[in-house]
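So that you can tell them apart, the chains are marked A, B and C in the order they are listed, and the count of residues begins at 1 in each.
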Amino acid sequence: MKLVAAAAVLAVLIALPFGLSEYYVSLATRMIILALFAMSLDLLLGYAGLASLGHAAFFGVSAYATALLVLRAEWNPWLSLVAGVALAALTGAVYGLLALRARGTYFLMITLALAQVLWGIAFGWRTMTGGDDGLPNVPRPDVVADTVRFYYFTVLIVGLGALVLFRIVRSPFGYALRGIRESETRMLALGYDAWLYKYLAFVLASAFAGLAGSLYAYYNKFVGIDYLHVVRSAEALLMVILGGAGTLVGPALGAALIVILENVISAYTQRWLLVLGAIYVVVTLLAPRGLVGLVLEKWPRSK
Amino acid sequence: MAVWAVHTINGISFGMLLFLLAAGLSLIYGLMKILNLTHGSYYLLAGYIGLSVVRATGSFFLAILAATVAVALLGAAMERFFLRRFHLDELAQTLLTFGFLFMFADLALWIWGGNPQTLPKPAWLSGSVEVGDRVVPLYRFFLIAVGLAVGAFLWWFQEGTRVGAMLRAGVDDEETARALGINVSLLFTLVFALGAFLAALGGVLGGPLLGIYPGADFEVLLLAFVVVIVGGLGSLKGALIGGVLVGLLDNFGKAFFPELAMFTIFVPMAVILAVRPTGLFGRE
Amino acid sequence: MAALEVSRLAKRYGGVDAVVDVSLTLGQGERRVLIGPNGAGKTTLFHCIAGAQIATSGSVKLFGADITRLPPYARARAGLARTFQITNLFANLSVTENVLLAVAAAQDIGPAMLRPMRAYRSLYDRAAQLLADWGLAERASRTVRHLSYGEQRQLELALATAGSPKLLLLDEPTAGLSAAETARVVSMIHALPRDITLLMIEHDMDVAFELADRITVLHQGRIVAEGDREAIKADAQVAEIYLGVE
């Protein structure tokens, strides 16, 4: 059943550019990249139970690194992509050490603070990052320069990324993460070094977020401080919650939904932030388990 | 020598502003275990409201009164009508306050526009004080005085009153509190309002010093977080000492290493997390 | 070699001496029950042995290995298992998933990410066996949250025994159970292999006397009596403590 659904989705994705204008193909590209971003956060929130308010840190670090390497150091764009992801993972490795010293509320605060610090650095270091002007004219790799080709490139990379994520959550490691989310003390009593599992999840999540960030840099052909801003983290978190944490598929759908919403609302008003905040409030009040959660409640899975 | 003194005074005065914010955050968390992300909005809105009041009436005092009361009421309303529903669901409460943070940020932008503003100081606080061969605005000393006064009041409140004892005891004693006849729901609302009040006070008093502009809410929230991470969430002492520490580090950092401004915040945070994750005076 | 050797253990926190100078030795296969009135320090002592708390002074040795300062997961790897007084299970996961996690830990699978759980047939086989042993096979696919309280207690025991532990710590295993459920759990504990050493906290005196080889009585952080059933029943001081507390 799931395989059929996946095949159908893939078929739709491949056929998309034939039916839609470039504008919509571009929009779809954005949805798919942000779906990866949301899925990476789901690994942290939905599976390990770690609520992070600073996931944009890794998204942004990778994007900036990739852009800077391509623009300033004139590196090969493929290498720049990989380097960006590596730097995001490294940032995750460092930030994870700090953030995981705490739990619960402290963890939340620390992730937000750590990401904000990066935002502040990017804002202030004009010579390097362009400050609030950002880094324009980021060139895409030649072979995927046009909209449609870039779209397929994105489908491929995100598809592979998603496959790996699905693999991870179905593995003993993934099961262990869920165990930690449910009861860390129980896991410890069983013999699991919970900290290590959380740390690995943190680093993995940051790497995938970085991948999304660098893809986004190529997509936008521009990198700015909004990549690192708490709003970016907030949107990702909302995508996960709206779609349903702990399912991977849910957050991907949540991403598509938020992108569509933002697109529609921004056409009429500048008040996207107001709407974003309102959605947060409404979703929390009405559907804490997200849309996928609502669906699952009607069709409970049997194992 | 005078340079050091000036930076120290600047640092401590800024630290007092941070103390007001951190104290409010800590107070709310200490009793209700809510991490109030809307705290930054309270600061910002108070600044804007104060600005409007000063422009309309010319009175700094009225501005403080209006802004703090208005924001305190806002806080009370938020607690009463929204946060209360998710009692003990930390994530839901955090998400709610997160949502409100964005809503208020955009509303403020909508109402007051995107240009940075400054709140004008009242005449009697506009003077300067000589420190050696340098000059320090009188306002800074005013901030330090207010900070200490508020600190003293909060200390008395926490240590010397029954309500304060309840605050110190924390959420776990809810049953006992109810048994003792303390109206816990009212207490929650009042404390939340008090926290908002403190943030608002910081917003109005900070207006002349730091300016009021879109994004100040996020920046101030970050600083408040750093203070409670360093000082310990839930601790009044931590908020004061953490505030002063971060204020001093920020000032000296900006003065001597302007390009590395963010690191002066990052480093103490990282050090505390490595050495004492619950903060200097935090419990847990 | 003693299965468990607690030597002059003391635990002090917040100005309170919860446990003072406690020493006890368990032989392999022994069934020892800890009893005592509320506040006697049973739970604290239990936690110091399990690793949920670290003793202020003294030592804890598991088959000669010093585990006094080890974190809980390291003690589990050394062969120590425990149950929780307030049911501590993976509530939103299925019964099978709960047991799989216990078995995966026991078989030292580690943070394996590349193959799906389903590929580890041996885990599933062992899990199925455990579920059968503990009478939970019918419930295998149910979410734990939807189990009855008694079934959850059984699952607690299943998880604790999944790794064939050398020492099993049971924290009030019959707390909150009906008479029938209590009998069920007691018979299950009786049926545990004799090479597992058992240390239990119990409030239910009948259960304590039925399961124990030896009983240790704690009062105000100290051991006031220790001996077999008859010795404890006859002990005047013990009677006084319990009667006095009533």
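Quick note on the criterion: a contact is a pair of C-beta atoms (placed from the backbone, for glycine too) under 8 Å apart; a residue touches a chain by one contact, two chains touch by 3 or more.
Note that this is a predicted model, so its numbers are computed, not measured.
Novice: Check every other chain and keep only those touching both chain A and chain B; list them.
Specialist: Correct list: empty, since no chain touches both.
Novice: Quick check for you: compute each chain's CA centroid and the global CA centroid, then name the chain with the smallest gap between them.
Specialist: Chain A is the most central one.
Novice: Rounded to a whole Å, what is the gap between the Cα centroids of chain A and chain B?
Specialist: 31
Novice: Centre to centre, by mean C-alpha position, how many angstrom separate chain B and chain C?
Specialist: Computed value for the inter-centroid distance: 47 Å.
Novice: Averaging over Cα atoms per chain, report the distance between chain A and chain C in Å.
Specialist: One centre to the other, that is 42 Å.
Novice: For chain B, which residues count as touching chain A in their complex?
Specialist: Residues of chain B touching chain A: 29, 33, 35, 82, 85-86, 89-92, 94-96, 98-107, 109-110, 218-219, 221-222, 225-226, 228-229, 233, 259, 261-263, 265-266, 269-270, 273-274, 277-278.
Novice: Within their complex, state which residues of chain A touch chain C.
Specialist: By the definition above, chain A touches chain C via 167-168, 170-176, 178-179, 182-183, 185-194, 196-197, 200, 302-303.
Novice: Touching chain A in the complex: which residues of chain C?
Specialist: Chain C residues touching chain A: 50-52, 71-73, 76-77, 81-82, 84, 88-94, 96-97, 100-102, 104-106, 109-118, 120, 123, 141, 159-160, 162-163.
Novice: Using the touch rule from the top, collect the residues of chain A that touch chain B in their complex.
Specialist: Counting only chain A, the residues touching chain B are 51, 53, 98-99, 101-102, 104-106, 108-110, 112-114, 116-117, 120-121, 124-125, 229-231, 234, 237, 241, 271-274, 276-281, 283-285, 288.
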